[in-house]
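Following this line, the structures themselves.
Here chain A shows up in two complexes: once beside chain B, once beside chain C.
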Partner chain A sequence: MAAEKEIPSGASSATASHRPVHSDTAAKWFLMSSVVYFFVVGVIALIIAAKFVWPELLGTIPMFSYGRLRPLHVNGMLFGWLLAADMGLVFYFVPRLCGVKLYSEKLGVATAVLWNAIVLGAVVSLLMGWNQGFEYAELPLVLDVAVVVAWILFGVNVFGTVFTRRYPQMYVSLWYTMGCILWTAFVYLTGNFATLFTTGVNQANLNWMYVHNAVGLIFTPVGLALAYYFIPKAGNIPLYSHKLSMIGFWSLAFFYVWTGAHHMIHGPISQWLQTISIAFSLMLLLPVWTVVYNFFATMKGHWPLTRDNVPLKFLMSGVVFYLLTCFQGPMHSLRSVNAIVSKTDWIPGHAHMAVLGAFSFFAIAGVYYSIPRIFHTKLYSDALANWSYWLAMIGGIGFFVTLWLGGFWQGWQWNNPAIPFIDTVVALKPIWAVRFFSGVLIFGGIATFLYNILATVIHAGPRPQEAVHA
Partner chain B sequence: MADYTYPSIYFAYFLFFLFLAGALYFFLRSFRDGYWGATSEDVKYQMLKDEEAEGHGS
Partner chain C sequence: MLNKADSNAVWFIVLALVFFAIGGLLTTVAPPLIDKSWAAPFSNSDPSKGLTGQLRPLTELEQRGRAIYVREGCWYCHTQQTRTLLADTKRSGWRGVDSPVSTPDEFVYDSPHLFGTKRTGPDLSRVGGKYDTQWHRTHFRNPRDLVPGSIMPPYPWIANNESEFQAIVAYLQTLGRAKNWRPENDYEK
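For the complex of A and B:
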């Protein structure tokens, strides 16, 4: 076992057994607001999906047009739900992995308040059409600055906790969390500020670097930090190999940033830049495989646990989706495949599997695991949690598979100049109907998840001891 | 209108190389800190210690 360092004075008010008592106030703020945004933005998602089936829905009111609701859905899910939930869960596990209290709960709450102000500001600005017009970087400049301030506050709190840790060796989740904080600074500043001062192809290239790395260097590292923490904790099983996890971390660190240009394959950028992005996209299979192999080897002999353990069920399904989405990514960066699937419905199918199927599943699992512990109670309903899993799972599979098939079909049609474009739109109507009904199922999963979490918090009382160690 | 394309791209390059240098430094340092040695697996058992046994927070 790693030797324990002397507890830094002032770093924590340790109990008699030298173990800190976590108040988790900042985590509560982030987690509770994020699950509510998950539901609210889920309604927006349903409206968007319905507009594909019934284009006249909500008439011509500008505020409810597709062009305004779509960025609201994207930003709401990314920053209102997923990143906020990730930040709350980071505030939960970082102090525990470090063996000290959070550096400052007050700073954490201030960060959460600012984050909520940003999300509400984004709702207003995007509905009003105040939009910078860049994918994933739609927020107005003033909100971009606020995001940077909030991220600095978050980083100070996390690094402040890590610097005062009791255990000298850092578990891989801490590596990924710190990497996420630093890489986000690079990715966000480049994507939201440098792009404003560039033009043409350079601007597009920077923007796509940002879009891809928003997933690859923000949501991937923090998502994997959650998975590396919650899979062993939820199953009470040691990780297969910490050394392998280090290989995954460093290969992600060195390979990922180069891949953004694969969004512009067959576009007006240099062939050498396209080739570099393809080569690095293929090299991503290395960090992905180290992660997936590590989790599967961890679960070897323990798969029956997933039968009754809902967090573990979400986590391991998320790992499978992570494998699939990370196999898709390198494959559709190949020029031949890209010529068919680029800009088609395949892409939202792929993106939803990453952000919903993998990273949101990890975050949902983290919320299910941590909320009862934070509030010192039991989960309100295991049956309801199971329902939320199956609704999200069946709806998710329906959504992803339908869009892959539809996207491939769409791409073949687009590659045939004899087919008028409008015919390719009409042809996809059945695909979009299945997409909508799959979305209804996913939303059912989100609604039961929200209800279960709120009921858990409302009914929180003294926690039975056996549940603590379950 | 002034064209800020090159300063912006140089800014992005500067950030990139700054982070690359940082990554190389910490990667090499991870060898010195024992993440690839005989005790590198200890931390995965450490994290399983049940911190919930510590008592209940406010």
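For the complex of A and C:
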């Protein structure tokens, strides 16, 4: 059992002569492509938000209709940007936590190439309407198989590195990364292959087990791995408690998978299964609050650091959003609350706070922190990074809060059958307009982020030696 | 037990998979074995046991229509479930008759399932037989011509393609028809 407080690196115990030189080639491939997808898919996001305000927009072109661009937005953000950025950052911190080089940079680059081929294949197939009809699992079967292959290659590389590590003690970020790789394998197979052998409610149950755990057992563990690594690193502060991180991890491992059926509360699925999913949804407060308490206690006395430190700013805002979104989740699962918010515009407000507010903020922070180090240079502009933070933050809050208020109001209206449905649509129009303009701000944040990262990389080469930042 | 997983990667892998597998198996494999209604198509000919009717598989034409519904992503904005909420049974109802709630036995042949998660437009679980072919043609061409204020996109490539249009309308007219909840002469073609 390690000391209560630790800074993730383990490198403090290694002498300089033992410290491996990381080439980070695989990380570069993943990170650079992911930030470009973040921007490109951001354009798609703006178009679909605009369609709520101007429904005729691009309306006569099948490829650009809402029903085809929406899955492109979701898949593009989840797999083109977020998961790719997460994988790149995993390739960055896992070798450093293990004190050895990455198991195989070549394999990592091959994984990145395959991943990019999958993303491009997804763009073509979703625009053509080759949609399997399962949420988060829209991609055609051939691409599903390619994802499985890429995930195995990724897993081999990470586990290969872990098994050859120099430091016996595995830091919490390594647990979350390994957990993510193992659980994702099963979750992905359930949502993309097991569903094909079932029908009706049985299939829906498997689909929602996947949908829910795509967030809960893919993006949550790898996102928390980033937060556990980059918060102590960016602030140069030891983590508050090893024990709390253990409770958080193992309770997540046990509780999360039970909650899939809460997507069908009041729906045509067995009541007892709904009740089980509600009970476990409430228990999720345990892993969430232990993790969040650990991060807050780590920051105690160090909050002034967030004034100038952009990665830390993104990280701690992400932690707050994580706390909020994971409070909403269990509350939505309660039958009384669910009767109001379920299927309304509240839900995209909730989902965006998780995937954008929490997990994308963690990944953005990781990119801002690691790119200058990978390219042995300084960030192109701290001021611009600050702009990207405030644009994403203000736009994000505008987006989330507007949709919560609008969605709650919409739910109340739906529950009064005297109000015709179309009136509840018309009532939401101002909400959707504010959502679009909030989206423009978020997109501004993404654009400045992309520009800053590209400028950093382009200016990296010819910098004089004294500007090099260790 | 958990401390050992800190420094032993193999032990970690075993524990992580066991923790996950308990809930994983109990919530996916077990429920359909326990609740048989998930797999038994709705069928009732005895009025004393509730609504009569029978769930039948889709015809080839209706299946082509369903594939168009999937291709165009209709299910991103339209749910197909009348939930156990009073308001849902009223909204899915027709001419003062409340709709029955959706039950698993009405969806046994569905693949992919189309329950949906977001209701930007109205729920379609009982839309079958409410609007005739001409209504649908006008509505697909431009929804705002029939429903001012609607934000549904126009679908000229369906309205102007007779074979696709016939197929999707045929599919829509099947929705929610397994249970005979409206008077027999109350359905549009």
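Just a few scattered comments:
Throughout what follows, the second predicted complex is superposed on the first by the 444 of 470 C-alpha atoms of A that agree within 3 Å, B and C clash if a C-alpha of one lies under 4 Å from a C-alpha of the other, contacts with A are read in each partner's own complex, and residues count from 1 in each chain.
As a convention for this text, a contact is a pair of C-beta atoms (placed from the backbone, for glycine too) under 8 Å apart; a residue touches a chain by one contact, two chains touch by 3 or more.
Only a predicted model underlies this, so the values are computations on that prediction, with no experimental measurement involved.
Aligning the two structures on chain A places chain B and chain C in clashing positions.
Of the two partner chains, neither chain B nor chain C is touched by A:Gly216. Once the two complexes are laid over each other on the shared chain, residue contacts for A:Phe186 go to chain B and to chain C alike. Touch criterion met: A:Met170 reaches chain B and chain C at once. Contact with neither chain B nor chain C is seen for A:Gly398 once the two complexes are overlaid on the shared chain. By the document's definition of touching, both partners, chain B and chain C, reach A:Leu206.
In the superposition on chain A, no contact is made by A:Gly88 with either chain B or chain C. Of the two partner chains placed by superposition, only chain B is touched by A:Val21; chain C is not. Residue by residue along chain A, chain B and chain C are tallied for touches, and C comes out ahead. With both structures placed on the common chain, the touch criterion links A:Gly108 to neither chain B nor chain C. Within the superposed three-chain model, A:Met264 lies in touch with chain C and out of touch with chain B [touch as defined at top].
Superposing on chain A, the segment of chain C with clashing C-alpha atoms against chain B, chosen from 9-17, 45-53 or 135-143, turns out to be 9-17. Within chain A, the residues touched by chain B in the first complex and by chain C in the second are 1-2, 168-170, 182-183, 186, 190, 194-195, 198-200, 202-203, 206, 209, 246, 250, 253-254, 257. Touching chain B in their complex are the following residues of chain A: 1-2, 15, 17, 19-24, 96-97, 99, 167-171, 173, 182-183, 186, 189-190, 194-195, 197-200, 202-203, 206, 209, 229, 232-233, 236, 238-239, 241-243, 246, 250, 253-254, 257, 373, 376, 463, 468-469.
Residue ranges of chain A in contact with chain C, taken from their complex: 1-2, 51-52, 55-56, 59-60, 62, 65-68, 70-71, 129-135, 159, 162-163, 168-170, 175, 178-179, 182-183, 186, 190, 194-195, 198-207, 209, 217, 246, 250, 253-258, 260-261, 263-264, 266-270, 273, 276-277, 280, 339, 343-345, 347-348, 414-417, 421-423, 425-426, 429, 432. The touching residues of chain B, when paired with chain A in their complex, are 3-5, 7-9, 11-12, 15-16, 19, 22-23, 27, 30, 33-36, 39-48, 50-58. Residues 2-3, 5-7, 9, 12-13, 15-17, 19-24, 26-28, 31-32, 34-35, 37-39, 70-77, 79, 81, 83-88, 90-91, 101-104, 106-122, 144, 147-157 of chain C are the ones that touch chain A when the two sit in their complex.
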